[in-house]
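Consider the two complexes below, in which chain A is the common component and chain B and chain C are the respective partners.
What follows is the complex of A and B.
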């Protein structure tokens, strides 16, 4: 189980990195960046995994048994909100800049790369 | 020409659900993952769902959102300095009875909602701050989107 989640984290990270490096479209680059952030969140949550553990809700604590680490999940919720806000801002930039520059690619017009 | 954009509306039940979910995130923050900031983002989503449909609401002045933010910041400051006799952000309400000052029974227990003292109040003020700030951000995006010249 632990290994499977780590494989998923690696796949997400590789997909995001490939998108950031190889994509020319700004919008696709932003979404690839979100993939990278999501892989980090997934890694945090999987680190708090406990075999047979219950979700980290303290209202269920009285039933006993092991519990997944709550701090990783608390960090993940904050991280998800923060990354969604930054992605919204970056996507807004990626959508509004072409109206000024006339291209959605990250390069300047009239300059060869 | 000014581009006229139409956005779909959200059901009132969904909006109420989002509002309640955001407030619950803040109120239950000491018992489970989640905090005032995530709650504020969810409340901002609900505000966004309200204003998305209504053209007048989108163009209205953001004074309510600024008020949210200001009241939240003021509440946070007041709460921070309430326990200044001991230290900054000292939890003055815990264990004193009343709404938020319940006493937690000793030993293994399921956690109780109204025992957090000022923590829940801090989280609620952060909900106000985050909802105001993120709502103004979303409003700026919508204004930029609807007032741009369409190509």
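What follows is the complex of A and C.
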């Protein structure tokens, strides 16, 4: 089961990385980023899995037994929320920019740095 | 119960709450919006001062968020803290001081800027407060996952603030920067997931006690350090911060530089406190030195050859980042060698930390002065009298950044010159040449700005009060520190370095070492 999860993480990561690196369209780059973010959270949550363990809840900690760290699991979910907001803002910018530039492609303008 | 026990969480919660309620009060009028931002900044600075005093008298502070008891990180029977722990020692206080000061300076500038209608201003204020709350949270948090989380929140808020600034390239820069930082955040999360999978904890103090420095830890370190270097603006991942600085309004410049200070704080915390002495035997210290040397070289060579004046603050800041990285890298390279650390490593580290504490706010002062001097296409220029006043601030900032006595800017440069020469004479020569080249660059820029008459006839006769107060605040702080360089080293920098290098104390904090 865990191996399957890791395969899913790998597939999501590869798809996301390919999109981020190779795509010129800003909107596709944003969606590829969302793939990357989801794969990272998926990996984080799945690595917390404990064979025969309890759900990661603070109230169950007193009963003992194997358990993933509840705060880390909760914060991984927070990261997912942050990812969604980041993607929303990036998409808003990606849709707004073409109105100004006349193209959806995101080549940099060659500003000197 | 003493309310001051809750200072660590109040420091983050107050600006965060301010950010969340800001859009609701934004329709109340321009004065309310400005007062809200200024009040938040003043409260944060006051809380930082209280924390400083508390840490100096009582030692490191610990705060468990959401637990039954705020001072019990390890409930009976557990070996790792189950909840998020906030941790503040002398190094954290120094890490908080710079951003808190820049928060107030930036808030004065924010109050003087025209943001647009009440809705836009409400959003801009929310992003602004959210960004500073994220920097403070990055500094006080005791676990790596929330560090990455707040890093992401900071990038998001920064992009929002920049996008709303109305500058010509702002939208494109906001998009590219946010996308870049988000990709690095994901990679760092992958690194942290590897550590979490192996050790079942993300708490920094707990990790410091269990990390074995195997392959997994090395990969994780690389990914997390890469993320933090992007926040610091280190070469070769400097360009988002570099682009943001070019298009920054005065308030956003303060925010960017405070963020870089937060990045440096987190970088040092991870390298020295979490990983610690095993890093002395691997070339990561030299990696930082090489990165810093390139930053110094390009940051000085390109503007000296010929670049628009608008890019000057970004280049100058790149040099300051490079110089700080060289000092910190030199300290890290000596970590495994007790004698080298005592001979020159400690001095280099003092120089690196002093550089972050002093030269970064000085860069903010330079940004404020040069942004006002150059103006932008939408605003009229200032009259000759006002330009002369601005040039005084510019000159003062340039003086500090070139490391010329009697002002306090010479302190980090002197420490770095003497220690880097002992580590490697080439580095010593580079460090000296960088100071001379910086003085030349500042002279050239001052010459160009003071002789420019392009806008002087158009004439606004009054400098916006917000920008004036912002520059005045930073100038006053530097003047005071200029009279107290030894005090500053003894009571600010040295306790911070001692706390940073005390990895044993950092590990013990969860087992009752904190107050």
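The definition used in the following text is that the second predicted complex is superposed on the first by the 90 of 113 C-alpha atoms of A that agree within 3 Å, B and C clash if a C-alpha of one lies under 4 Å from a C-alpha of the other, contacts with A are read in each partner's own complex, and residues count from 1 in each chain.
Here is the rule we go by: contacts are C-beta pairs under 8 Å (C-beta built on N, C-alpha and C of every residue); 3 or more make two chains touch, one makes a residue touch a chain.
What you are looking at is a predicted structure, and each value in this text was computed from that prediction instead of being measured.
Looking at the superposition, the partner that touches the larger set of chain A residues, chain B or chain C, turns out to be C. Legend: residue contacts after superposition of the two complexes on their common chain; A:59 is shown touching chain B, with no touch to chain C. In the superposed pair of complexes, A:77 makes contact with chain B only, with no contact to chain C. Of the two partner chains placed around the shared chain by superposition, chain C is the only one that A:94 touches, whereas chain B remains out of contact.
Looking at the shared chain after the overlay, A:44 reaches chain C, while chain B stays out of its contact range.
With both structures placed on the common chain, the touch criterion links A:85 to chain B and to chain C.
Chain A uses residues 58, 61, 64, 70, 76, 78, 85, 89, 96 to touch chain B in one structure and chain C in the other. In the complex of the two chains, the chain A residues touching chain C come out as 13, 20, 26, 29-30, 33, 36-37, 39-41, 43-44, 47-48, 58, 61, 64, 68-72, 75-76, 78-79, 82-83, 85-86, 89-90, 93-94, 96-97, 100-101, 106, 108-109, 111-113. The part of chain B that touches chain A in the complex is made up of residues 28, 31-35, 37-38, 41, 108-111, 134, 137-138, 141, 144, 148-149, 151.
Residue ranges of chain C in contact with chain A, taken from their complex: 75, 77-78, 80, 82-84, 143, 145-146, 148-149, 152-153, 155-156, 159-160, 163, 169, 171-172, 174-176, 178-179, 182-183, 186, 189-190, 192-194, 196-197, 200-202, 239, 242-243, 246, 307, 311, 314.
On the side of chain A, the complex with chain B involves touching residues 56-62, 64, 70, 73-74, 76-78, 80-81, 84-85, 88-89, 92, 96, 99.
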